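The letters A, B, C, D and E name the chains in turn, as written, and every chain counts its residues from 1.
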Amino acid sequence: MVAGVEVTGEGLSCRRGDRLLFTDLSLNARPGTLTAIVGPNGSGKTSLLRMIAGLLKPEAGTLTLSTGGVADEEPATLLCYLGHHDALKAQMTARENLEFAARWQGAVRDPDEALARLGMTRQADLPVGYFSAGQRRRTAFARCWMVGRPVWLLDEPTSALDSAGRAAVIDLIGAHVADGGTVIAATHETLIAGAAELRVA
Amino acid sequence: MVAGVEVTGEGLSCRRGDRLLFTDLSLNARPGTLTAIVGPNGSGKTSLLRMIAGLLKPEAGTLTLSTGGVADEEPATLLCYLGHHDALKAQMTARENLEFAARWQGAVRDPDEALARLGMTRQADLPVGYFSAGQRRRTAFARCWMVGRPVWLLDEPTSALDSAGRAAVIDLIGAHVADGGTVIAATHETLIAGAAELRVA
Amino acid sequence: MLRFANPKKFLDLSGALLPWLWLGAIGLMGWGLYAALFATPADYQQGDSVRIMYIHVPSAWMASFIYGFMFIASVVGLVWKHPLADTAAKEAAPIGACFTAACLITGSLWGKPTWGTYWIWDARLTSVLVLFFLYLGYMGVWAAIEDRAKAARAAAILCVVGVINIPIIRFSVEWWDTLHQGPSVVRFENGKLAPSIDPSMLWPLLAVAVGCTLLFFALLFVRMRTDIARRRIRTLMTMKAAA
Amino acid sequence: MSAFLALVRRDLLLSFRIGGGPFLGLAFFLTVTAMLPLGVGAKLNLLGEAAAGFLWVAAALASLLSLDRLFQADAEDGSLDQLALGALPLEFAVLAKAIAHWLTTGLPLTLAAPVLALMLNMPEAGYATLTLSLLIGSPVFSLAGAIGAALTAGLRRGGLLLSLLVLPLFVPVVVFGAGAVSAAINGFEPGAAFLFLGAVSLFSLVLGPVAGAAALRIHLS
Amino acid sequence: MSAFLALVRRDLLLSFRIGGGPFLGLAFFLTVTAMLPLGVGAKLNLLGEAAAGFLWVAAALASLLSLDRLFQADAEDGSLDQLALGALPLEFAVLAKAIAHWLTTGLPLTLAAPVLALMLNMPEAGYATLTLSLLIGSPVFSLAGAIGAALTAGLRRGGLLLSLLVLPLFVPVVVFGAGAVSAAINGFEPGAAFLFLGAVSLFSLVLGPVAGAAALRIHLS
């Protein structure tokens, strides 16, 4: 059981350049739920996720991560973020990439187990530069699972994945949610039936 | 009506590192058809596409592009390739990117029209570095359509696209096929019902 | 040339030649060095340090010669896609690097008594150093690319491009005024090649030089045979793994 | 601490695998020392007097020209986001990356300095001072340089801005560093110059990470 | 032709937007010339004699240190594939990119050379020769350098290899270039050196694109 963290946003608005992507957006993601951010291309899904991760300042509004009703001081250490970019170093092997992440962000699970869960055992010692698009994505998701923080922010987690990879990812998301985790995912497809939908535009 | 180009491969095999990805693969893509390359992650779909594009040498086997039964001398100028990477320069605007491609590869259509077809008119003068994942993908596909060569090699053309973008892409693929073009696409989803399937592993 | 294309023929031929190569190399170098160290007189200016010449000059010649050999092998490999030529170029490089290093080391040891310094940035010295780097770079390309065919092509391109350094080494003494000796073993005189050092020094020098050449081919053949054997083992292992 | 060292290690590993790590730095300095006398003409005594100056300028240049990639690769592939979400504040990430940068540019030069000085015919009295001054002073190039690199990561005109920003920080270090060596050669005490270099180095040890992290945060959002 | 020019233009545009184009090159050379006298200690006459050598070495280094990115950015973002599928053979792509590289490194130096020479107190007799020799010789750094850049694009230890590979090609140019200027200063005719520089330049104009494209093709597959 992971610590239940609730993500609350109120009156959020986001500006990129001179354009307001969205205004007065509210969100509430409780522990044990999956929230899907939906909207057309360029509507601000990625921007919203980055905002929650603390990587982008909201133009207006407030964002809090709270455990048991108490707002957290260091939100950055409560969450993991899987962006469009896989954030893997092409010159390092999959295992080396994960081992570094385990050191830098801390980890609750073993890198090898994480890779195995996504069917990447055979490629663990290959430099990521040789990977196919799907293998890369699997490795990036494996990192997220390995780090195992309560809040997962996922930007199109299943892109480039084949059906087996997609099933594995959806499985692990489901398990995390069942375990009391909070998952917020931006996606163009249905990940888990019954996910709450948050429309950005 | 574009010149009908037939793509034929016989006994192809592909080696990456010391692994054989596939052996003795044959393919035949006739003008006016869409061939979908399917297979799990890392099975060699991208590699096959690059091989057809002439970017990767087959370990064994032959590949020919022929117009009206006559093998072509310069296959590189008959095809366009949309890879996993969008091949867009972040510091240039969408229009500048397309204008360069039009000069370098030649083009049968107008950059602005191509951007318009994919709903990117409003972003045409924004540097690609600011684009969302879907906007980038749209721009890359727009380049392919603008260049307008007979053979299209598409690697997951609809990845990161919303439903409108996907519809636009499938539409343009359909039109090209109807027009006598040859489309070979690697993908994890059904693009057009009735596409021939080529399984790589 | 192409008759020796397949490794089998090469293995047979090199196997038959190797004993003679070793014999010739050891014999010539043995006699040459003996004559150089004990039988020839010391130089009236340089004293005994002149004896370094019998190593220095042949290794300087070998450094260029082996590069030239690699150049030809690379061209053959590029044009005729001949795997044996690639192997030859690849295996020659470390030997060439060793001769170059020997030339640099003996040269700077010789420099101390004659010029009063181990090293100066003179054009010939620098261009030999650069040749040494070129060998290292060539070996580096082979080491950096895992795919053998790709590595062979890349290294061959590098070798072909780098060959311009050879005339530069040869003529650097004439183009730039330097401390280093001009060609003084053989010279063109009245349109004829004429030796310009005493025969008692010339013969041992030539013997060592020819001996070094034979030594090079002996080492090269051994290395190539090892490489061929190593690759065979690899193929067998992968076949076994696949089965 | 283990997180911090892990990042230093990662950057070193990457620099090894991409460029050959400290050996690239060494090759660069060897190149400089090989080309200089040839270009200048082997007027040995002339070279020797100026050697310390050359080496210091070369160190500054090598840092300057490799700094622009310090954060850029991480920014492009999304790693910067992950660095910002680590267990340590971003300041430590900047410090770790600057240290790794120094280990592959400043340190190899420092260690090779006596050999290079020998090759450039520098008077022997200056060897120790040269090495010591480089050891104390060259971290500034990586630490203060990190501020510029962070400010310009992903910005348009990054490279140009970078030179303009870090140059004023580099020049005094070069002047005092080379000054210390020529003082030692001429028989003076280089003490004051060492004090200055040490002070600047300590100052940039604090300022670099703090200002660098602040600059990166702007860029992230 | 229009395709060729389009690629030159694109690379220039990118270099402008990323690094300030030729101005980055200028800033670099100004930095060097500003630092050198400070580092060497203002022994002006000593500087003046060696000025041509410094400028030539600086030109070689500036090219060397920017060459490793020549094809790498294109290889990483997939643009290299598109370049290979153009209407022109890959040779022209290499040539166009080398030209753009020269326009942002070699050319600004050539144009600024008289000013820099003045700053370094070079005897006036050498100005014209310096400028002309740079104009003729500096393209080699970009053209021959492109071979090294293509050979090492995407390789492990690429950076280190690159320096090893291009150094042998650069050294003779530096020597002859600097030699020409010092000949002119001392009242000799620099004609032979010009001939050599011109020959090498023409040679690399052909060899660079051909060998560079061959090397790129290896990496593509």
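Keep this in mind: a residue touches a chain if its C-beta (ideal position, glycine included) is under 8 Å from a C-beta of that chain, and two chains touch if they have at least 3 such contacts.
Note that this is a predicted model, so its numbers are computed, not measured.
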item	value
Subunit E against subunit D, contact positions shared by both copies (same if over half, else different)	same
Chain at maximum distance from subunit D, centres defined as averaged CA atoms	B
Longest centre-to-centre distance from subunit E, chain (CA-based)	A
Most heavily contacting chain pair (counted by C-beta pairs in contact)	D-E
Centroid distance [mean C-alpha coordinates] between subunit D and subunit A, Å	37
Separation of subunit D from subunit E, taking each centre as the mean of its C-alpha atoms, in whole Å	23
Distance from subunit C to subunit A - Cα centre to Cα centre, in angstrom	59
Centre distance in Å when subunit A and subunit E are each reduced to the mean of their C-alpha atoms	45
Multi-partner residues of subunit A (each touching 2 or more other chains)	84, 91
Per-residue overlap in subunit E, given as positions that touch at least 2 other chains	17-18, 156-158, 160-161, 164, 167, 171, 175, 179, 221
In subunit C, residues with contacts to at least two other chains	123, 126, 130
Residues of subunit D defined as touching subunit E within the complex	16-20, 23-24, 27-28, 31-32, 34-36, 38-41, 43, 46, 49-50, 52-54, 56-57, 60-62, 64-66, 68, 156-161, 163-164, 167, 170-171, 174-175, 177-179, 182
Subunit C - residues contacting subunit E, complex	123, 126-127, 130-131, 133-134, 136-137, 140-141, 144-145, 150, 153-154, 157-158, 160-162, 164-165, 168, 176
Interface residues, subunit E side, partner subunit C - complex	144, 147, 151-152, 155-158, 160-161, 164-165, 167-169, 171-172, 175, 179, 203, 207, 211, 214-215, 218-219, 221
Touching residues (chain side subunit C, partner subunit D) in the complex	119-123, 126, 129-130
In the complex with subunit B, residue positions of subunit A that touch it	16-17, 39-42, 45-46, 84, 123, 126, 130-135, 138, 155-156, 159-165, 188
